[in-house]
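The chains carry the letters A, B, C, D, E and F, assigned in the order they are written, with residues numbered from 1 in each.
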Amino acid sequence: NSNELVVLCRSVSFLSDRRCWLPSQAVVRAMSSSGGAPSPYTTLAISHPAESITHVELHRPEKRNAMNRAFWSEMVDCFNEIAGDPECRVVVVSGAGKIFTAGIDLMDMASDILQPEGDDTARISWNLRQIITKYQETFSVIEKCPKPVVVAVHGACVGGGVDLITACDIRLCTQDAWFQVKEVDIGLAADVGTLQRLPKVIGSRSLVNELALTARKMYADEAKSSGLVSRVFADKEAMMAGALEMAGEIAGRSPVAVQGTKINLVYSRDHSVAEGLNYMATWNMSMLQTQDVMKSAQAAMEKKSPKTIAFSKL
Amino acid sequence: NSNELVVLCRSVSFLSDRRCWLPSQAVVRAMSSSGGAPSPYTTLAISHPAESITHVELHRPEKRNAMNRAFWSEMVDCFNEIAGDPECRVVVVSGAGKIFTAGIDLMDMASDILQPEGDDTARISWNLRQIITKYQETFSVIEKCPKPVVVAVHGACVGGGVDLITACDIRLCTQDAWFQVKEVDIGLAADVGTLQRLPKVIGSRSLVNELALTARKMYADEAKSSGLVSRVFADKEAMMAGALEMAGEIAGRSPVAVQGTKINLVYSRDHSVAEGLNYMATWNMSMLQTQDVMKSAQAAMEKKSPKTIAFSKL
Amino acid sequence: NSNELVVLCRSVSFLSDRRCWLPSQAVVRAMSSSGGAPSPYTTLAISHPAESITHVELHRPEKRNAMNRAFWSEMVDCFNEIAGDPECRVVVVSGAGKIFTAGIDLMDMASDILQPEGDDTARISWNLRQIITKYQETFSVIEKCPKPVVVAVHGACVGGGVDLITACDIRLCTQDAWFQVKEVDIGLAADVGTLQRLPKVIGSRSLVNELALTARKMYADEAKSSGLVSRVFADKEAMMAGALEMAGEIAGRSPVAVQGTKINLVYSRDHSVAEGLNYMATWNMSMLQTQDVMKSAQAAMEKKSPKTIAFSKL
Amino acid sequence: NSNELVVLCRSVSFLSDRRCWLPSQAVVRAMSSSGGAPSPYTTLAISHPAESITHVELHRPEKRNAMNRAFWSEMVDCFNEIAGDPECRVVVVSGAGKIFTAGIDLMDMASDILQPEGDDTARISWNLRQIITKYQETFSVIEKCPKPVVVAVHGACVGGGVDLITACDIRLCTQDAWFQVKEVDIGLAADVGTLQRLPKVIGSRSLVNELALTARKMYADEAKSSGLVSRVFADKEAMMAGALEMAGEIAGRSPVAVQGTKINLVYSRDHSVAEGLNYMATWNMSMLQTQDVMKSAQAAMEKKSPKTIAFSKL
Amino acid sequence: NSNELVVLCRSVSFLSDRRCWLPSQAVVRAMSSSGGAPSPYTTLAISHPAESITHVELHRPEKRNAMNRAFWSEMVDCFNEIAGDPECRVVVVSGAGKIFTAGIDLMDMASDILQPEGDDTARISWNLRQIITKYQETFSVIEKCPKPVVVAVHGACVGGGVDLITACDIRLCTQDAWFQVKEVDIGLAADVGTLQRLPKVIGSRSLVNELALTARKMYADEAKSSGLVSRVFADKEAMMAGALEMAGEIAGRSPVAVQGTKINLVYSRDHSVAEGLNYMATWNMSMLQTQDVMKSAQAAMEKKSPKTIAFSKL
Amino acid sequence: NSNELVVLCRSVSFLSDRRCWLPSQAVVRAMSSSGGAPSPYTTLAISHPAESITHVELHRPEKRNAMNRAFWSEMVDCFNEIAGDPECRVVVVSGAGKIFTAGIDLMDMASDILQPEGDDTARISWNLRQIITKYQETFSVIEKCPKPVVVAVHGACVGGGVDLITACDIRLCTQDAWFQVKEVDIGLAADVGTLQRLPKVIGSRSLVNELALTARKMYADEAKSSGLVSRVFADKEAMMAGALEMAGEIAGRSPVAVQGTKINLVYSRDHSVAEGLNYMATWNMSMLQTQDVMKSAQAAMEKKSPKTIAFSKL
C-alpha cells in the first residue's frame, strides 16, 4: 500500500548518491493504470501513489490523450482542488497509453475555434478572446498551484502538450520522447502559453524560434541538451520511478519551504532581481517564524535527513 | 529558375525526417554570388532564391563586409522594404566572400565616433546620442520586421556582426565560424545591441559576461552548446542549403501564423508571462478568424503538408 | 613581485590562441595563502596578485568558510571599498582551505534567524525583514560594484555559497566542485539571492527548479553543461592560474569600457531590450568621449594588444 | 415600465445642454426600494431600472450596509454574472438606507481576521494571505467587469466602502456624503484596494497620504475638488436620477466602443503610454471592423444621436 | 520684425510678477494669419513669431481644421523637422479660424477606417493595425520632439483634437473653449492616444472615465479646475499673447536644460521613481558639463535673467 | 514638558470636528527655535515637541537654509537614525528663519558641480554620476524612512527645496509660501527628484511641465488647488500648530498600521494595481497577526479613540 511505498522511497538515497533507483514494476504499473478509484473527471485519472504525492494522469489513451472540451475545464477544477488540498505536497503529471498527448482534439474543439459565435467581426473577436483566455487558464492553474509539479513525458508531446509542460516546474522524459510546437501547421500562433513560457524555460532563443516557426520535432537528446527537460530515462517505467522518487524528495521537505520556493521562483521569473529580493524579504518575514525551521535546523545538526521530520500540514 | 527551386524545396522533407538535404551546388553558388539583378544598395545584395524568400547578403567582400556609413542606413531601408513586401515571407541573411563580417568599418566611421560635432561637452553628447540611437535602429529593424530572419554565419563574425545576429530570429553557422564581442578592445561598451540581446539569446550568463568583458573568440562548437546557434554545418555550401530549406519550411506555412508567432515571441521576451498571455489573446481574437486556420485544419485532417496550401498574401 | 607578474601575464596570449597557460606554482600558492599583508577583516583575506587585480578570499578555512555574523557585514565593507578603489579594475573571489564554502554558519547565526527580537508577531516580522534585507545586500554589493568579479569554486559550494556566486559575473570551478541549493533542507525558501538570480544565470528552468526544490547536489560537469560555470579546471591550482589570467585580460582593457559593459549588462538583465538600448545610448553619449577610445582605436589599427595601452585610472 | 423609462431617458439631453434633469420621484423611489423581484443575494438587491442598465444596491440597511461574510462572496458572483450578461451595458451601484456603507462588519468577520486558523506563524500567515487575496478579488471583479460601473454615494462611505468605490469607474455623491479611510484606526494597513487605487484615482498625493495616515473624514466638497467624485448632487434622489441618466448615456452608445474604452482605460493605468498604444492598436485591429462604426458614422453624418441606433448585443 | 519682438518679449516680466501682459494686436493677428511665407504643408501653417519659437498652426479653417489624410503624415514630417532644427527651441501649436479642430475628417478618412483593404478578417486586421500604428505616431512625434510644445486651444477641440493636445507639454485655452472625447459616438474606442495619455494628464480618474464613456463636452472652467489646461484666457488674442510670452520664457533658457527637462519628464511618467532617478543621473553626468551651467550660474550670481545669456545652439 | 503636550494634543479633536485648533504661542515658538538641546548636525536642528514626534528643522537661517555640502550628508544620517529609532513614529520637517529654503548653496557646492574631478570627459562623467546619485539619496532617505514625514513650508521653497518636499508624505504651507522649480535658470535639468516625483504628487501634467520649463513661481493658492499641499494656514505659527496636531493624530495610531500604510503607498506609486495588491497581501499576512489589531478593534467597539491605546514600540 501507499504507506509502505513511502517508507520504501525514504529508505533510498537516490538524489544524494546519484545511483539510478528503480521501484518494483508493480508500483510503476499501478501508476500507469491509475488504480481502481473512481475519478470525478473524464479526461484525467487522479491517484495517490505515495504519501503527500498526487498523480494526475492525462487519461484518454484511446484518443492519444487529445485535449477535448472536457479536458480544458477539468484541468482547472483538478488543480484548484490540489492547490487547496493539505494532503498534497507535490504533483506528478503523466500520460496514459502510448504517448503523452497528441495536443488539442481538433474535432471536438472545432466549433469553438473554427465557428465562434457572433454575426459581427467585433463580437466574434470578443467571444474568441474569452475562449482563449479561458484556455490559457487551463495551464496557468498549474503555475498558480503552490505545490511543485513534475511532468513526465513519453512518446509524443504535441501542440497543447508543449503549452502544458512549459507551465510545469520540472520536466522529465523518456529516450523515445519528442516535442512539437505544432500550431503554425494549423494556421495559428500558439496562444495558450508556449510562446510566452518556452523562451523562459530553455536558454537558446534560436532554438525556441526554430521550433515555433518551423513546427519541427525535437527529440529527447536535444530536449536534454537544450534544458527543456532535466533528465532523460530509458523508458516509461524508469521515468515513472524516477519521477516518483523525485516527488518523494520534495514531499519529504518542509511544505512551507517548498511552496514558498515555488511561489518565489515564479515571481522572480517575471520581475527584476531587485523586485524579487524585495518580495522575498516580505515573504520570509513571516515564513521564517515557522517551527519547520527549528525542526529542520535541529535535524541538520543531528545529521538527520529532513525527510525524517513530521511537518504540520499546510 | 526560382519556381523550379520552390518545387524542389517542397519535394524534400528535410525537417520531418531529419536527413541532411543538400541542394545542387549551382543553387548555392547562385546564392553566394547574388545573381545579376541590380541592387539599390552598395553594401547589400538582395535576391529571391525561392518563392517568398528574400536573401540579404552583406556584400562588401573586398572589405570583409565591414560596416561602413552606407551600411548603417541601407539596412534600415532594406528591412523596412521587406517588412512591407507581401511577396516576402522569410529572410535569409549571410555574408559574401571569406567571412561573415569584420564588424564596424573603423576607418569610414571614425569621424562619427571619434570626432563628433560640437564645441561643448553637452552638445557633443547630444549629437553622439542621436548617432548611437540611429545605429541601434539599424539592427532593431530586423526585430521589428514581422517576417522571420534566419542568419547564416561563416568565418568571422566580429563586433557589429554580433549585434546584427542577436537581432535575428534563427542563427546557423559553419564549423569554421567564430564570434567575437570586440568592443572592449576599442575602448567602449558595445552600444548597438549585443549587451541587451546576447543575454536573452543564450542561457549562460557567465559565458555572456566572459565574452563581453574579455573579447575572446568563441568557436562554432561552443556557439552550438551554448545555444547561440541552433545548427552547425560542415561548410558554407551546406549551410546555405540548410538555411534555404529551413526558410522554405517557414515560407510554406500560413503567414498569419508565422508572423503572428514572431511578433508574439518578441513581445514575450520583454514582458511577464501574464502580460504576454493577455497580449496573445488580444492578438488572436482577430487572427484566429483567418481562412488560413480552416485551410490548414482541413489539410491536417487530410494528412497533407501545410506547404501544399495556397495562402493569401499578407 | 607583482609588477613582474603583470609583465608575465601580458606576455602570454591565453585567450587569443586558446592554449592552456599555467603560471608557476609559486604564484598560485601565493594566491591560496594570501600573503602576509594584515587584513582588516576576520573572514576575508585581501591581496593584490597582479596590477589592478584584487583577490578576495573567503578565509575561515578551519570552519570551511562558513558565513558567520562578521562575514555578512565584512563583505559589504570590502566591496564598497573595492568599488571606490581606482587601483582595482577586476576582482577574483575564491575560498581558502578544502572547500569554497559550507554556506551559512548556522551556529553563529541562530539567534538572528531562530530567535529574532520582538514580543508580537508583527514586530518580529518587522525585525526579520530588516535582517533579511541586510543579508541580501551582502551579495548585492558584488553586483553593484562596477568592477567585474570572477569567482573560482573548488570543492563544495553550499547554500549561501550559491547566493554568493550567482551575484558574481563569471563563474569557474574545479573538476571536484559541487553546488547545492541547501535552504529547503533547513525549512526555508532561499532568501538572499539564489531564487532571484539562479534562473537568470542558467538557461534550464527545469534544472533550476529541481535544484531549488530537492536540494540535490550538482557536480562540475552539469554545472558546465547547464552554463552555471563557463570553465572547469582540473584542480584548484590550474583554476587559480586561469582565473588570474582571465582577470589579467579584463584588467588590461579600458576601465571605461569594461565597467560600462558590466553596468549595462546588469541593467539589461532587468529591463526590456528597448529600455536597455535607451539606457545604453544615454550612457555612451558621454563615455564615448573618453581618450580610451582614441588610444584603443589607434592600437587596434597598429595591430597592438589593448593591454599595451596605459589607461588613466577610473 | 422600463421601455418607457428608456424612451424618457433618451428624450432628455442632460449631458449636452448641462441642465439638471430630474426623473420623477417614482422612478427614484423604485430604484431605492429595488422593486419586488426576488434577489439571489442576501446583501445585494439587483434591479433593472432601464434597458441595459443593472442596478446593484448594497442592501443591509439595518446594518448600515456593513460588509459581512456573505457580502464578500456575493459581490464576486454578482459581477461575474453581470460581466457575462449581454442584456447589461452599464451598472449603477448605490446603498440602501441611511448611508452608503459603514465598511467591514467587524463582528461578522472577526474570526477570519482576528483568529485565523493555524498553530504555526507561517501557517497562520499562509491562511491569512489566502483570505486577503480572496477579499481583494471582491473589488477587483468590478474592474475586470468590462461594463462601466457608476457608483453613487450618500451619507457615510467608510473603510471597505472606499476600497469599493475606488474600483468603480465613475464616482458621484450627495452633498452630505463623507469618506473615511478607516483602517489605521483598527490597527492595520488597508489591504483590499484603497492604498493601491486611491493614489491613481485622485491627483493630490499629499491628500491621499493624509487621508490614509490620519483616518480623517473627507466631505463632499473636498471629494469634488480633489477629483474623487466628478459630481455632487443636492440629495440622494437627485443623485440617483443623475446616475441613471449618465448610465443611460453610456448604455445608449455602442457596447463595442464603450467596453473597449473601459478595458483600455484600465490597461493604460498600469502601463506606459507606449505599452498602452501598442495594446490599443492590437485591440482595435478587430474591433474597428464592427458594424457599430458604420452605423454610428452614418448617424453622425445624419446628425442623429448614437442613442437612436440599435446595436447588437455583446 | 521678429528680432524686435524678441526684445519686446524679454523686456516684459510676465511670469515673475504675474501681471497679464498683452502684445499688440498686430502680433497676435500675424500669428493667427500665419504670415506670407509659403508652407510645405497643406494642412499646417508654419511661422516663426519670435527668435527660437516655431508656430505650428492647424490650417484648414474652412474645414474647421478637420484632420484629413494629409494632416496625419504632415504632422510627422513637421515635428521631425522641428526636432532636428537647431533654430527652434520651443513650439506653439494653435488652430486657424473659428475653432481649434473638429477632429478627424470622417469623409476623407472613411476608406481607411470603414473599408480597409483585405479579403480575410486576419488580413484586414493586419492592415488596420498598421494604419492605427501610423496614426498614433502622428501625435507621438510631439512627445518625442525634445523641444517643449505649448498648445493653445480656442473654441472646439473634438476627438482627434484631444489626442493631439494630450501629447503636448503645456495646455492653454480660451474661456469659450470646450473639449470632447468623441470617439464612442462613432462606435469605437479612441485609439490614437487619448485613452493612454488623458489619465496621466489630469488627476481625476472619475472625470477621465466620464468624459471617455459619455462623450460629454467639458468647458474651460472644468478644464482648468481638473488640470487639463494650466491657464484660461479671455479670448484667442490674449491666449496667443500669453502663449507667445510663455514660449519666450522657455526659449530664453538654456536649451540643454530645457530639452533635458522635457526628455526626463516624459521618461518619468512611464517609469518608477527609482528608474527615473537612475536615468536622470546617467543623463546629467554629461549634460552638467555644459558651458550653459557656468554661464547661467554666473548670471544668477549677478542677478541677471537667464534670458540675457547667449546659449550655443543645440 | 512633552508629556503634558501630548495630553494637550490628544484632548483636542482637530481632525474629527474640523475646527481650527491653535496651540499656545509658547509651543510654536519652542518649535521654531528648536530648544536648547545640542544637535549633532550643523544644518539641522532636531527636537521632540511631543511624544513619538521628531521635528527636523532646516537650520541655517542666516543663509536662508541654503543646502550646503554638510546638509546633503547630514540629511542621510538624520533620516537613517530616525528610521531606526523606535521612539519616533512621525516626523515634522520645517525651516528656521524667514523662509523654508533658498535651495542649493551654489557657492558652497560649486566645486562639485562646476569643477568635478577628472582629466577625461568619461572620467568626469563617472565622477559626476556618483555625486548626483549621492545627492539623490539625500531625499530618497525620506521616502525610505517608514515613518510618515509631514513637511511645513513658509515663505520661499526654491530649487532643492522642491526636490525635498516632493519626497515627503504630506505637504502643508502658509498663505505667503511660494514654490519654484529653479533648475532651468541655472542651466540644468533638475536631477535630485523633482522631475521624477512632482508629476506623481500633483494631478495636472500641464502645470508640472509649465513649472519645470519656465521656472515660474507658484503661490499658496495654486499649490492648494493643484494638490501640491493639502492645507494652507494663515501664518507659520498656525501651520506649525496644525502640523503638530496632524503629527499627533498619526503618532497616536498603531505604528504597525501607520508604517505599513506608508510603505505600501510608496510601493503602489511605482507598481500596477495588481502588483500592489499582491505585495499588500504578502505584507499583511504577518502584520495582521499583531496585537495592535486586537487592541484597536476592541477600542473601536468600545467607541474609544485609538489614541487611548498603548501600542508597543516598533
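We take it that contacts are C-beta pairs under 8 Å (C-beta built on N, C-alpha and C of every residue); 3 or more make two chains touch, one makes a residue touch a chain.
Since this is a predicted model, take the numbers as computed values, not measurements.
Any chain that touches subunit A and also touches subunit E is listed here: B, C, D, F. The chain pair with more C-beta contacts between its two chains, of A-D and C-E, is A-D. Note: the chain lying farthest from subunit B is F, by mean C-alpha position.
Remark: subunit D and subunit E have CA centroids separated by 34 Å (rounded to whole angstrom).
Annotation: 50 Å between the Cα-based centres of subunit B and subunit D. Touching two or more other chains at once are residues 121, 125-126, 200, 202-204, 225-227, 256, 269, 282-283, 285-290, 292 of subunit D. Touching subunit E in their complex are the following residues of subunit B: 119-123, 125-126, 256, 286-292, 312-314. Those residues of subunit F whose C-beta lies close enough to touch subunit A in the complex are 279, 282-283, 285-286, 289. On the subunit D side of its complex with subunit F, the touching residues are 106, 110, 113-114, 116, 121, 124-126, 128-129, 132-133, 136, 140, 143, 183-191, 193, 195-197, 199-200, 202-210, 212-217, 225-227, 269-271.
On the subunit C side of its complex with subunit B, the touching residues are 15-16, 18, 148, 169-171, 200-204, 225-230, 246, 249-250, 253-254, 256-258, 260-265, 268-269, 272-274, 276-277, 280-290, 292-297, 300-301, 306.
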